[in-house]
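Submitted below is the structure of interest, expressed as structure tokens.
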């Protein structure tokens, strides 16, 4: 083959590719950038959110707000740097219309300004840092799950009701961990004997457990999501503390993912949640049944949030006829309420939900299955504590 | 601060230190004998954990998993030695650091391809998943005690092997002066391959035993690798005794620093200063220890070479 | 003494390429980097413009490391420290309300230089493996030190708004700023390694005992090179902070140091253009593998292994062999 022929061939192939690319650009698809933690100790969370998001997309016929949707995933490895590079790729190279998926608050806080300054919406299925609830609240930010403090406020309230006079509280040292303990203390009226922040991703808690044993509190409150929670609870049980000091956790540390890994020692643990398996509404029933059937496991609250994120986007897009440049209308449509796995969810002006928080308990069913059961309601129509600092209309 | 708290933290430090020893023993001999910097030792530790997870699940027995993992990792180490490491003997350290850094990248992604990106969460074998009462008011995890026992037995065995057997003598000779040993007829190459494989097997033991305490995930090797290097630099390159002392020192200093320094600083400084300073000092303590040792005794605590 | 280092060039590299085609190529490359922003703008390629700026910062860091690694023979496994400190200075000053460019940039370089002076002064008392380990130990100390300062973000990192130059510093302006800084730095390094100092540095690298016997102040020469390298790496860090507008402890971590070393080796350690070639090749490699497969790091590792084992003279070395 002569050189000229080769050059001509290359040019023709290149031109065809380009042309096909332009042609396919004609039918408008909605590109969703899905940044999430899909590897390492927090992967179970990201995978649950992603799987449920895809399930919702399937239930909606592959369309969001009437537009065919394409999901581009990025694994942030729960590292702000990796997320930053990934988001830059999504916004500038792949030109996504909307971003969602982030699990960890420190990752979200590292990329938030990048997404907002680009004029792109971020719909949060999980991370709900206090920063974005108060002064830094943003037109482009909506969280369909909760504000970080909320679940812990509920457990703080519960600990007060149960009259635990002293508590030892622990969380990983990252924004959501600090929000968590702030939230717990806001509603806990007893005495906090020690407040410990561990390194995010720490998996051996022997030193902290020794401190707990020495401090002899009435209750321990620990916020550890993902693998951290699994290890903390296992080691807590192996050290023989389960029978000595009451362990209280938020729903994150006592959901299906943790129960699967820890097993029996979890039975009896009380935890707070904004969602539960047996919430009675058609959306939740379809979600729980289909999730179990499709993925062969019990859905977690993270999965419910991923499902809701897709529903919220769909709801907002329908209201603006698929036109995301009508930002105020899109935002208003979602904030005024959409139907979710928790029924109709309303929002504060800062983009965080106003909703009920429940008490759940881990129980063993007669067939040996261990799951969470709804035990009551801790808060009704509970909003976050920062909304007054938000200057959005 | 009660005596039982101090005792419990000491046990934690001992457990951590003995596992570091399993990791650093092989590393220090390899470095001492062949002057090879092997960053991929951490990857062998990671492989040990993954093999143990898979084989343990397949056989249904945790201990069968551990034994299988040690053998499997030894095979991988043998292949690694023959295919890559042999080519970097005698090369400069920069080449070795980079070649083995490349191996880390490949092992990490290889594991991700085979086992997937999610962390595997293992359970402690049920017979050990309970507390043991050591003293009134102090119960300690049975599994952690088992780890301490295993680590101690292996350390003694290794010690006897190095100091009481003919092959052990060759190893010591090689570490103190490779050329001289070679001239005296020690089959250095073969001894070295053996040492490398045994070192890998010890790392695999550490990986397999620590799997249920941490999580089995990509990147677990890098965290302990740096600590293992700190240990051997403190102990003196090539010295098994040095690496044992270094390991226990690092294990206890690190655990004690994390456990007691923040509280101690809280007594000395205003809370806003202490909350920063405590964790900061605790986490740099071992590196400070290493820099100090290097400054005072540049060859480490137990220098091997004359 | 250690065996002679075979991967290094046997004598100081001579001048710029002198053949006609090489000169034309160099001129073309220079033209390409200058006209790249308008071209990228016309084609609507904002991503590739930002990628180019990032590459320029890496070029600067890798070239600075090459001075120590290649010309000085000092295997520093802690250069991420100076890079991270340069970047953190930008972010911390911005946090404290200082954003004037003429204050921030020199402070960044100064902080990195002082850190290099302090660390280098201690580390250069050791040799060989111990030098590698002690540079690493200091890097880890700085890493953990920064991580535990909560008011500066700790593990979460810190936002770093761009400094104020009196005009709008957009992506295009930043690219030209980076290009200018790289050009000036490379010119400076070129002069340095070809001056008496550079020759002395290489003499120390090749045979320290002989150099000392001839009367070179070995320690001082190495320390000066170490500090210059640290300062330029700090400049690269400040540039990177302007690019990402965000800094995090990962910039100070030891894998970051490893990546810089990788770039230098890939480019051809001890060759003048190693930093440039290495950083560019590394970026291209990463982009290509990233687009092709999820497991891109595996192939990056494979490429690194191949370079180390099969072409230890790096990319610049390939060109040498052909001559």
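Per-chain residue numbering starts at 1, and chain names A, B and C are given in the order in which the chains are listed.
The working rule: a contact is a pair of C-beta atoms (placed from the backbone, for glycine too) under 8 Å apart; a residue touches a chain by one contact, two chains touch by 3 or more.
Just so it is clear, the structure is predicted and the values come from calculations on it, not from any experiment.
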| item | value |
| --- | --- |
| Joint neighbours of chain B and chain A, given as chain labels | C |
| Two chains joined by the most C-beta pairs in contact, as defined above | B-C |
| Separation of chain A from chain B, taking each centre as the mean of its C-alpha atoms, in whole Å | 36 |
| Centre-of-Cα separation between chain C and chain B, whole angstrom | 32 |
| Interchain centroid distance [CA atoms averaged], chain A/chain C, Å | 38 |
| Sequence positions of chain B contacting 2 or more other chains | 112 |
| Multi-chain contact sites of chain C, meaning residues that touch two or more partners | 150 |
| Complex interface listing, chain A residues touching chain B | 38-41, 43-44, 47, 75, 203-204, 206-207, 210-211, 213-214, 227, 230-231, 234-235, 237-240, 261, 263 |
| Chain B partner contacts - residues on chain C that touch it in the complex | 2-3, 5-7, 69, 75, 77, 122, 125-126, 128-130, 132-134, 136-138, 140-141, 144-145, 147-151, 254-255, 258, 261-262, 265, 269, 295-298, 300-302, 304-305, 308-309, 312 |
| Chain A contact footprint on chain B (complex, rising order) | 1-2, 4-5, 8-9, 12, 15-16, 112, 117-119, 121, 123-124, 129-131, 138-144, 213-215, 217-219, 255, 258-259 |
| Interfacial residue positions of chain C with respect to chain A in the complex | 46-47, 50, 150, 154-157, 159, 244-246, 248, 250-251 |
| Residues of chain A defined as touching chain C within the complex | 79-81, 84, 88-89, 92-93, 106, 109-110, 113-114, 173-175, 199-200 |
